[in-house]
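Each of the next two complexes has subunit A plus one other chain: subunit B in the first, subunit C in the second.
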Partner chain A sequence: MTTATSTQLPPSTHEFADIIHRLEAGGSMLPDNPENLKQIIGIYKAYAVPMDFYWRDLLYIAQEVFLEPLDFFKYFLPKEYLELHNHYAGDDADLRIWRGEATVHPELLAFMEKGELNQKIPRLFHHLFHDRINMEFAEACMRSMLWHGRDMGWGKFDAYLDSDEYKANADAAIKAYFQGNPAMLGLYKLFPEMFLEQVRQLSYYSNLGLFWEVMAPVFFEMSDLYDEGNLTTVPEAMNFLVNGIFAIAGRPIYHHAHIRGKVYEIIPKSKGFTWLYEAALPYVEAVFYRTAPFRGTKSYNAQAKQVPDEQKDFHYGILYADVFPVGTAGIPPTLLMQDMLHFLPPYLVDYYRQYCRGEDDMLIQLGITFQRSMYCVTSAVIQALRTALLYPLDDPNPKHLMANRRFFESQLDRFKRPEARLRDIQSQDYR
Partner chain B sequence: MLSLLIGLPLVGAALIGFWPSKGSPTLFRNIALVVALGILAWTVAIATQFDLASPGMQLPENLPWIPQLGLSYKLGIDGLSFPLLALSAFLNCIAIYGRGETVERPRLYYPLIFLVNAGLTGAFVAQNLLLFVLFYELELIPLYLLIGIWGGQKRGYAAMKFLIYTALSGILILAGFLGIAWLSGSSSFDIGSISTKNLSLTTQLILLGTLLVGFGIKIPLVPLHTWLPDAYVEASPAVAILLGGILSKLGAYGLIRFGLQLFPEAWAVLAPGLAIIGVVSVMYGAFSAIAQKDIKRMVAYSSIGHMGYILVAAAAGTPLSLLGAVAQMVSHGLILAFLFYIVGIIEQKIGTRELDDLNGLMNPNRGLPLTSAFLIVGGMASAGIPGLVGFIAEFMVFQGSFSVFPVQTLLCIIASGLTAVYFAILINRTCFGKLDNQLAYYPKVLAVERVPALVLAVTIFILGIQPSWLLRWSEPTTTAMVSNIPPSNLGQIAQDLNKFAP
Partner chain C sequence: MPDIVDIAVSNDSFKTLVAAVQAANLVETLKSPGPFTVFAPTDAAFAKLPPGTIQTLLQNIPQLARILTYHVVPGKLMQADLGKLDSVTSVEGSPISLDCSSGFEVKNATVVAADVEADNGVIHVIDTVILMG
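Then we have the complex of A and B:
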């Protein structure tokens, strides 16, 4: 994986030739230095803790809250979901990625109990004081997948949501859920599509929840490995992600609703939807690259033509986002940054104290770190795609290497637009 | 009591100037601040002694000094001078507090500021024309040095321009005063003993014209204003606060005290012309400010515009308009000090004052959010948004002047709208928009640096919703002053003028 192959090909003439050569040598889009490694691992840890909440709550909403029309308490995780075993951690794991416990992360539990106030008060009051995990961010990611899903062309998951089979499964679940509720059943008869679309959204809740169920233990494990001194370079971190992606690629993506003690298989596991193609890749495309224009940055005015007509031209994901206005009105990533702020490892807090405004603008500093780390994750996805579709980096055949190069170049073409932060993250001055 | 008010800053100046040990800038800043707060406290003590119902001179002090010259040390305050005294004591604290730790050569800096303060205080309380000129000239050299040493890049030019203009202003005022005393045959220069009743209207007009040009330079009125943008822009924020906040009030004060009070008849004759000059100032200030690209320059031109209102109000000479003029002096002093302080912070943190380079300062984490909010409050106060002190003053000016000079007043109201225009430009370019990611690594504004702005903002706000705290000092005095002015009857004036035609 680390064999340098760039010598066998003439230098690339691409704008990002340096980065392409680095990718060809098994590296990441993010420069390899200890400072970057510290930042990305620290932020993986800070991201994984709220993510542990996100995936549990996403599954809870998809499975238990379901079509509740007055879902006031959908962010109040019940005990079962806090104790729900992650399939990739703990002793009874299907595939043990993280060596820690399978139940909720202790730091998350401590935060849910005491919060920023550092006081044990009923959860409702924590919620009302906004002393909580910003679950809205997870829902925004989910909606981004839902809305871009149809447009992205790959995967069969979204197409399945329109099949008669899916509609029949959903119909059974809807009828069971509203059993004994003539008002809702009557509405369902009048406007069946309204409820069906809600169930589709819930299927995406499940999809994203299952995606993050994998990512949280991966990030926890990387943090542990780093603390133990077993992750020493950025490419190592990226390769850990690549290996994780392949190990987990075939895990099922499904949607089960739990209604009155009975499980309704809206998307059964037997449909064969898999983690890599139906969750990971659509997620990266929808959330890292596209999402939706920030209300505080772009005008949705149709005459102003600031927002592209085509969904494929959307470029508002974290790889393109301007992190400096985080904390301002109309900038959605603020929600995530605020969540991660609570769980920063001490070495990262110390690191931020040395720069810019110290703790005062930590929200932005960690946002930029997050952007760096997501470039590393995207690099892992690009390398994984290259491994799956093309040739190894140490392939002796120059034609194969050329194919690899064309693939890398086409991937990096997406970062040519001025908003892309790929140029910025090459320098440590961007913080 | 009033002597102490002049004496305290002199004591402070001597204390810092002759401090035995070398000392740090912070030490001298703290000493200066204690003295300045002492002056403020003493001003409050005077306020408790102030009789709100009396229109005349209060707390008089009188010492014959050089009787051969008619110079006596005669002090006193009334409703016209007291609000300005209080403003001066208050802004002096702000000027000394603001960013004082970083000042170079503190042993020269603080004594000079105190000298300016002593000069201003003395001029506001002096009841003798020569004594007034003495104090008026006293703040000239310290301010020249304050601009020339601690100013910006073109400080030498700005300071020299300021010095020449102000010196000329002093000469004209002195000439006017000598003329008043000699021509009226008065033996002393005490204000109470001088009467211009016996002078012919022509003489009165000439003398008033001399004073008008002399004080007009200081206010400044439009053709005489060109020293102002340079001096304000090149001066450091603290000095700009002194210059714009208080010194310009000295001109307006002098014009009302000596022009309107000593020459009520000639004033009535000149009033329509004065109103036009005022309107020209107001319009000129507003249009020039719109054209500027430097935020400090915009604020400086806004000052010209706002001082024009005072002239219009004083020319109208109704009880309400004169009260409005006093209110406008105080309100403009507060607002200008507020704006200069904020512009100083922005320049210090961002390193530029250019409208084209500033952007997105409202950003809560990387910008200067509270400073931006203050800038918006300051801009709104300056533009006369109700709820802030600027509106009270402007509205009284408009209400008081409309019956006398309707056209001029309407033009002032339009200019007030133009004020909103350029402050909207300023705020839009400075506070709104997005930060430049290449440059936006600005240092944060410390809590201690916010204190003066916060104090000024609270004052501006409180006086805006409780204006009687601003107006009650002056009402009897201004009403009494106006009663001396004969009604401005243009036909009558024309006849009077004809009588003196050669």
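Then we have the complex of A and C:
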């Protein structure tokens, strides 16, 4: 993009100076080479298919399952939600990002029907054989946002959940939902906070569902562009994400519950909550950076002091995760890796066969690919923030360029800690 | 003296802003006595936003109104007043940082015409749409 930067500013003295100079030149934290591009695009495709299930089911739970106390069937998507039109795909899109269909992705539908068993048996049996999409992963991400929500500066969503207006909206929905059910209504009278907190969690179901409704078509479109030969470098991939972030930034984030044919606006669209501020940025912070310590790698023992006291110091997101124990007990991302395994494009399967233990450790290889791809997504977020809050990369004013540099440096400071995988992804040998 | 809306309408470089203010139903507010300080992005400033951004906002009026109210500060604050401050709080609720050390900068935007006085406040014309955060 620009080479002016290097001549206008002295070299950075940051530990990751090379990466900062790359970002200043319009690049990504992930090095630009065809191998990295193939990996990240292939994994976006493999991620987008289960994501098409996640967002539909998250919205189904937030809107329809709602406070069902015996929610055994919350992962059984009804037809309406499989046919629900994605707002950013298909002919009737608000803003068409993916040129494909607005209804459920055909590969996902095929998997839901036949599964790994490759047999058409009732969905309940697929579920009981655990031959299914691991929806628990999506719920873990949602809970991460819920739990870190109050601690993060981004957005006004979480603060609203404590307002009297929200409580009144939730109260109306709770009473409508349990109408004619004196047992639950009595419980609600005794323990109102218990139900209110459940509704708050459901609002986060809605939030994350609306967030992923955007990301799935973005990833599908990137995969199609790559297949057509129209996406040829890592910075191009990153810039597609940056443009996607801006295009959708103003989409409303809301929570509607559908109770007996009536819509209850628990968080109305008119509150002005936006996709960028109330969903995307909190999601990146909560899921990419923080999440919760893996039960299989950290001790929660209070005396051992392995887990930080402050939530802001949590560093267990995908950007820090140790992917090698994927597939063993106590490593939550395994759920996602297993989901993505079903939808890998053939070129990635061939690629993994050539390395390490071939098909035997494909789950780990694809996990590391996923980590690379999320460094590219995080780079897009950093560049989008720089575009929104700071200055163009080719700004002629050196003071502005210095402000950009300080921003990049402060972002990369978060990867100084030894757990961060930024160093590892610089080399192709990390796989 | 004309009010803030009249000035924007009569000037050819605020076509996008005027259309957005009308879409967001903020005309009445900005015609009220106020007073307000408005950081008004030019058409060129809106054109710098990536494609799709404006389209999505025009489809979602409360979200558009939120971005627009971030460009408005209560009270009539001239450049000389703003020069003494590090930041002001917008009508949207989020802070806007100011830098008058060299030139007149509002967050990441540069003021290209300061102190355009109106009946119900003052307009400072900026070259970039400012965003919360």
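Quick note on the criterion: the second predicted complex is superposed on the first by the 427 of 431 C-alpha atoms of A that agree within 3 Å, B and C clash if a C-alpha of one lies under 4 Å from a C-alpha of the other, contacts with A are read in each partner's own complex, and residues count from 1 in each chain.
Here, contacts are C-beta pairs under 8 Å (C-beta built on N, C-alpha and C of every residue); 3 or more make two chains touch, one makes a residue touch a chain.
This structure is a prediction, so every number in the text was calculated from the model and none was measured.
Trainee: Will subunit C clash with subunit B on subunit A after the two structures are superposed, or do they fit?
Mentor: After superposition on subunit A, subunit B vs subunit C: fit, no clash.
Trainee: Once the shared chain is lined up, is A:249 touching subunit B (first), subunit C (second), both, or neither of them?
Mentor: Once the two structures are laid over each other on A, A:249 reaches subunit C alone.
Trainee: After the superposition on A, what does A:388 contact: first (subunit B), second (subunit C), both or neither?
Mentor: After superposing on A, A:388 lies in contact with subunit C but is clear of subunit B.
Trainee: Looking at the overlay, does A:272 come into contact with subunit B only (first), subunit C only (second), both, or neither?
Mentor: Only subunit C; A:272 stays clear of subunit B.
Trainee: Tell me the contact category for A:295 with respect to subunit B and subunit C: first, second, both or neither.
Mentor: Neither: A:295 stays clear of subunit B and subunit C.
Trainee: Would you check which partner chain A:424 touches, where first means subunit B only, second means subunit C only, and both and neither mean what they say?
Mentor: first
Trainee: For A:324, is the partner it touches subunit B (first), subunit C (second), both, or none of the two (neither)?
Mentor: first
Trainee: May I ask you to name which of subunit B and subunit C touches more residues of subunit A?
Mentor: When the residues of subunit A touched by each partner are counted, C comes out ahead.
Trainee: Just checking: does A:94 make contact with subunit B only, subunit C only, both, or neither of them? Give me first, second, both or neither.
Mentor: A:94 sits against subunit C, while subunit B stays out of touch.
Trainee: Which holds for A:361: it touches subunit B only (first), subunit C only (second), both, or neither?
Mentor: First partner only.
Trainee: Of all C-alpha distances between subunit B and subunit C after superposition, which is the least, in Å?
Mentor: Minimum C-alpha separation, subunit B to subunit C, in the superposed model is 37 Å.
Trainee: Flag every residue of subunit A that touches subunit B in the complex, lowest number first.
Mentor: Interface residues on subunit A, with respect to subunit B: 297, 322, 324-328, 356-357, 360-361, 363-364, 424, 430.
Trainee: Mind pulling up the subunit B residues that touch subunit A in the complex?
Mentor: 360, 362-366, 434-435, 437, 440-441, 443-444
Trainee: Give every residue of subunit A touching subunit C within the complex, in rising order.
Mentor: Going through subunit A, the ones touching subunit C are 94-95, 154, 156, 242-243, 246-252, 269-274, 277, 281, 385, 387-391, 399-400.
Trainee: Which subunit C residues qualify as touching subunit A in the complex?
Mentor: Result: residues 49-53, 55-57, 59-60, 62-67, 93, 102, 107-108, 131-133 of subunit C touch subunit A.
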